[in-house]
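In the two assemblies presented below, chain A is common to both, partnered first by chain B and then by chain C.
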Partner chain A sequence: MRNSLLQVDDLHVEFDTDDGVVRAVDGVSFAVAPGETLGIVGESGSGKSVTNLAVLGLIPRPPGRIAGGRVMFEGHDLLRVGEDALRRVRGNRIGMIFQDPMTSLNPFLTVAEQLTEVTRLHMGHTRAQALDHAVEMLERVGIPAAAERIGSYPHEFSGGMRQRVMIAMALSCRPDVLIADEPTTALDVTIQAQILELMKELQRDEGTAIIMITHDLGVIANVCDRVSVMYAGRFVEEAPVDELFAQPRHPYTIGLLRSVPRLDEAAGARLNPIQGQPPDLTSPGVGCPFAPRCDFALPVCREQDPPIETSGANHRFECFVDVRDVSTSNSTNPAS
Partner chain B sequence: MLVFVLKRLLWMVLTVWAVFTVSFLLMRAVPGGPFDSEREVPPEIKANLEKRYHLDEPLYQQYFRQLAGAARFDFGPSYKLADYTVGEVIAEGLPISASLGLLAMSFAVVLGVTAGTVSALRRQSVLDVTLMSIATIGIALPNFIIASICVILFVFVIPIFPAAGWGSISNLILPAFCLGAPFAAYIARLTRTGMLDVMGQDYIRTARAKGLSGRTVVVKHALRGALLPVASYLGPATADIMTGSLVVEQIFAIPGLGSHFVKAALLRDFPLAMGLVVLYTVLLYSMNLLVDISYTYFDPRVRLE
Partner chain C sequence: MIDHSRTPVDASDDVPLDVRDLKVHFPTSSGPLCDRRYGAVRAVDGVSFQVHAGETYGLVGESGCGKSTTARAVLNLIRPTGGQVWWRGRNIAGLDDPAMRPLRRDLQMIFQDPFSSLNPRMTVGQIVGEPMKIFNLHKPADRQLEVIRLLDMVGLNPRFMNRYPHEFSGGQRQRIGVARALAVQPQLIFCDEPVAALDVSIQAQVVNLLDDLQQRLALSLVFIAHDLAIVRHLSDRIGVMYLGRIVEEASSVDLYRDPKHPYTKALLSAVPIPDPAVERRRRRIVLSGEVPSPDKLYAGCPFADRCPIVEPSCRESPPRLEGTTHRVACFKAEGG
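Here is the complex of A and B:
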């Protein structure tokens, strides 16, 4: 990847559970360049959030464990720099916002306190400087009467406003990378659009790279430059956003795209979910993890790990099958 | 806030009245009276005594007489402690039991919160298991065993504290420790549970994602939420500990209130028993009121109405 800012190589994350070791992230690699938005899409439990928490060392340990890989940022491997160095990166060079703004802010502390502590820590602001900066940030994320409202507690804000506060907090130190973990999932649709618009706008102004984690393909189409599709702890397909939507090459991606209800379908048309359940990650068998649910599966899919195929410079996928040969017959007439 | 407090005070008056009435009836329902004794007392003397203490009146008259006294916090003379009124017994014992109790409770809070927090943060470690085992033992062991061990260790083996008595600081340490130990153990368990719960919250992940140090995350972001269950426990526990402990006060020969609770009931010292019951009720109620008010300090989402 050209001058990548953050580069993750072959990351493995495992969790010890009563049922055995769960391989939540199983050899994931990606990179983001300055000003770029990378989408990571996948269903619940596919390892999207864990991947990004691991980047900042936020996996609860125990039971979690980084089992291998590198996370290169500004010439250092974040997995090996140690807690103190990592703390200087968190909230400072790499900001993070989370899914549920109702629970992600501390209910016991004022918004002012939660916003100012991060700049006082990383930018050496005095209390007064930090407060001015915090008001300015709240104004930038579109909170009306920011100067008066900054002394309020989170419960005095609505969900959308709280997510704006989270964004202001994550961007306070002008980070190089913003990791957004399902930032709009808990918000209603009109607020979702506003928050996405705000993030795009701030990215244009600051040149921040964004890693957008979501299960919503609409969000991906709206804001991302490139997309990685995650399944069972692996990136099964990566492509520029237009290409992924126009020419998906992995059967799982095709399933995801087909499961989105469409406005131009006849009323009463059935939804097209992907059949079956995600695999149990405690006992991964051999072969492609998606094979049991795959309409295109061949016998070989259950016997060997799929090869990494490429199509053009930036399109990469892990599959035995060239879906372009069979998709017409199979997709209109799904097997079984 | 003011309305809330006034309302609660009104409820307290009603509660005290109800407790008073039930206790009065229970006391009288138990067979035996204050002046029964194994030695045969001449009936004239007994009649005189009963007349002196109005025990010859019908029950409802005694009830209203005592209720009127209780309303003025005047429970009259003790039947058994000659020359003492109930007020004097309480005025003498309560400051001693209360100061010992408050010291014991402060010690219990400091020790319990520290141990609970450390345990939660080092979950499943040797330290956690050790601390929580000690806490379980602390809850399970009766006071007199802890006290006996302490006396053997710190009075006889290593003579640094006096065995018993009251009046100097050194007299306070051992009894405060023995009195506070079970409370410390319980608070440690409450704090650990609360802390584990809070440390799993999303906002703690946010705080860590901001790059705050582990200590800031715990002290500034987690502790308050973790201590909410401790705060609600402290109300009744403080009322309990301030009114004295029979066992600890007996062992260390401390002239507190603890033994009066038991003796007043056993000896049918009606006025003293009523006085102590009312005292305990008022204390319990006040402590719970303080806890409710403290919630507004702890948690900005709580509003009293």
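Here is the complex of A and C:
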């Protein structure tokens, strides 16, 4: 594996709620290298967004709490460096894009004010330099007539254009790492295709490492090099993208892949949903969190935590069962 | 103007719903108060389609294309501006609420948001039982049995009938919405993005439920969604909407195997396939620009500004939806 740029070790995040302590992130480790795209896939409440908010020091405290782990970036542990040092990293060396471009932009400030603020703060630009740079960034993300439109307010842009503004802002300081949390979920598919192309192009030019958080397996297949599958606050499987889709080893990953209809396969076959509901994280039982919904579960799965298994150098998963021994009739079978 | 006479046109039981040239225009105003110019957002602008008995008809398109407005106008939840809606040989377009009320037994709807579409102060039993009361179905003493039967049919434990909606997950709430729609034994159900708010693993559960019920009860469904893979999975025939019009209509098999309209082609190619090997081989048609505002008037084809194969003549007159089984509104494509 290449030298990692950002490395997260055994991260634990907890939230105090009326119903008890929620272990939203329960021992997560990962790393990204320059120019690489790591996908984190999971459903609502699996902890994928919280993981990345923790990396950026954005967990609201209280009720949240970092209960353990390290986030290493350029030799420093971001969980321990203090707010000032974190501010120098956040938005500068580590950029971020959130799902909803309307609520992540300030509706009272023009796009120019919001875009120039970042570079004036982090890169010491003068007002004029910052404005030039901002126009240049807007042009790069494909906003037509950028010089005229930069004085507009966010509501004067469409959803796709706002997300382009967010990307321009996140990339203004040429960050080493870009964290994108469901960046295309609120967009239509034709606009999603434009934004994903743009992100790939910018990555090729700048060598940015991208952490792509999404629930959409299609987006993962389209942009990621490696994928981590998250369930109930844990990374249950991690593998290079081709291997994950061709030889998934965790029953949850298999379940996810089988439950989505594919445009390139014959229609009409029944979908294979994962039965039941995601677990309640306030009262985690013993054993594997997926066991109650798992088609392959053994008695031991409900009694002990699953072991970490590996398959080759870069594929790891947490499961007692070797799913290859159990017949998997519906393996992924790429039709043309 | 809207004509309510009972003309027995196409009153055959094979085609219970026949929508002709449906229009919904919302008036707008612009300019300073003393110099107002009035225009209209043409949300639905001449939509025609038929739904056969026992068929699932899919309506797809991106946000703002008018698919939800079409459903609401057919059901007179929004009054159509023009056109006809023939339901079992009677034009019901624009009927007022008292006249619509008996028809609501035949025509039901399932909504996207399983949170705001259920009354939080009613128990599940009351929610599912109320439509029976309104239409005076079953003897009052039998209604509880019927509620139990319906909950069981949609896969909810009837023991939960005294619980309130907030005690259920999104997928379970959507099942409650389905049970409520079925309570009056309707002939046709409009499903407006019924799985868009649900997690991937739960979507498949609800899709399978709708599939089963449709077959078991010989219902007609109009399934409205932006997710093309899911629409294809459920639908017998599909209409693709763009800017308030149906631009292509075909059987689900033909539409995906041989899309003819350039917009349909772009839309299909924009959907990422959950398989990295397939994704690398695919050629994606990335459309430039965004969906234009529906308050503009177009002399020619409304897709012309984004169309990769546009010719000058496309901007002169609007293309009509032509063909018999495979209909397409494009000068450069042949219907079938």
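The criterion applied here is as follows: the second predicted complex is superposed on the first by the 318 of 336 C-alpha atoms of A that agree within 3 Å, B and C clash if a C-alpha of one lies under 4 Å from a C-alpha of the other, contacts with A are read in each partner's own complex, and residues count from 1 in each chain.
In this text, a contact is a pair of C-beta atoms (placed from the backbone, for glycine too) under 8 Å apart; a residue touches a chain by one contact, two chains touch by 3 or more.
These numbers were taken from a predicted model, which means no experiment stands behind them.
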- In the superposed model on chain A, is it clash or fit for chain B and chain C? fit
- Query: Between chain B (first) and chain C (second), which, if any, makes contact with A:118: first, second, both or neither?
  - Reply: first
- Task: Check whether A:87 is in contact with chain B, with chain C, with both or with neither, and answer first, second, both or neither.
- Result: first
- Is A:249 touching the first partner chain B, the second partner chain C, both, or neither of them? neither
- Return first, second, both or neither, reflecting whether A:316 touches chain B, chain C, both chains, or no partner chain. neither
- Most chain A residues touched (candidates chain B, chain C): C
- Query: Can A:104 be said to touch chain B (first), chain C (second), both, or neither?
  - Reply: first
- Touch check for A:197: first (chain B), second (chain C), both, or neither? second
- Shortest Cα gap between chain B and chain C in the overlay, whole Å, is 6
- Query: Do chain B and chain C land on any of the same chain A residues, and which?
  - Reply: none
- Give every residue of chain A touching chain B within the complex, in rising order. 53, 56, 58, 62, 83, 87-92, 95-96, 98, 100, 103-110, 117-118, 121-122, 153, 155, 166, 169
- Message: Which stretch or stretches of chain C touch chain A in the complex?
- Response: 62-63, 169, 171-172, 199-205, 207-208, 211, 226, 228-230, 232-233, 252-253, 256, 266-279, 281, 284, 286-287, 290-291
- Message: Help me check something: in the complex, which residues belonging to chain B touch chain A?
- Response: 124, 201-203, 205-214, 216, 220-221, 224-225, 298-301
- Residues of chain A defined as touching chain C within the complex: 43-44, 158, 160-161, 188-194, 196-197, 215-222, 224, 241-242, 245-246, 255-257, 259-264, 267-268, 270-275, 277-278, 332, 334, 336
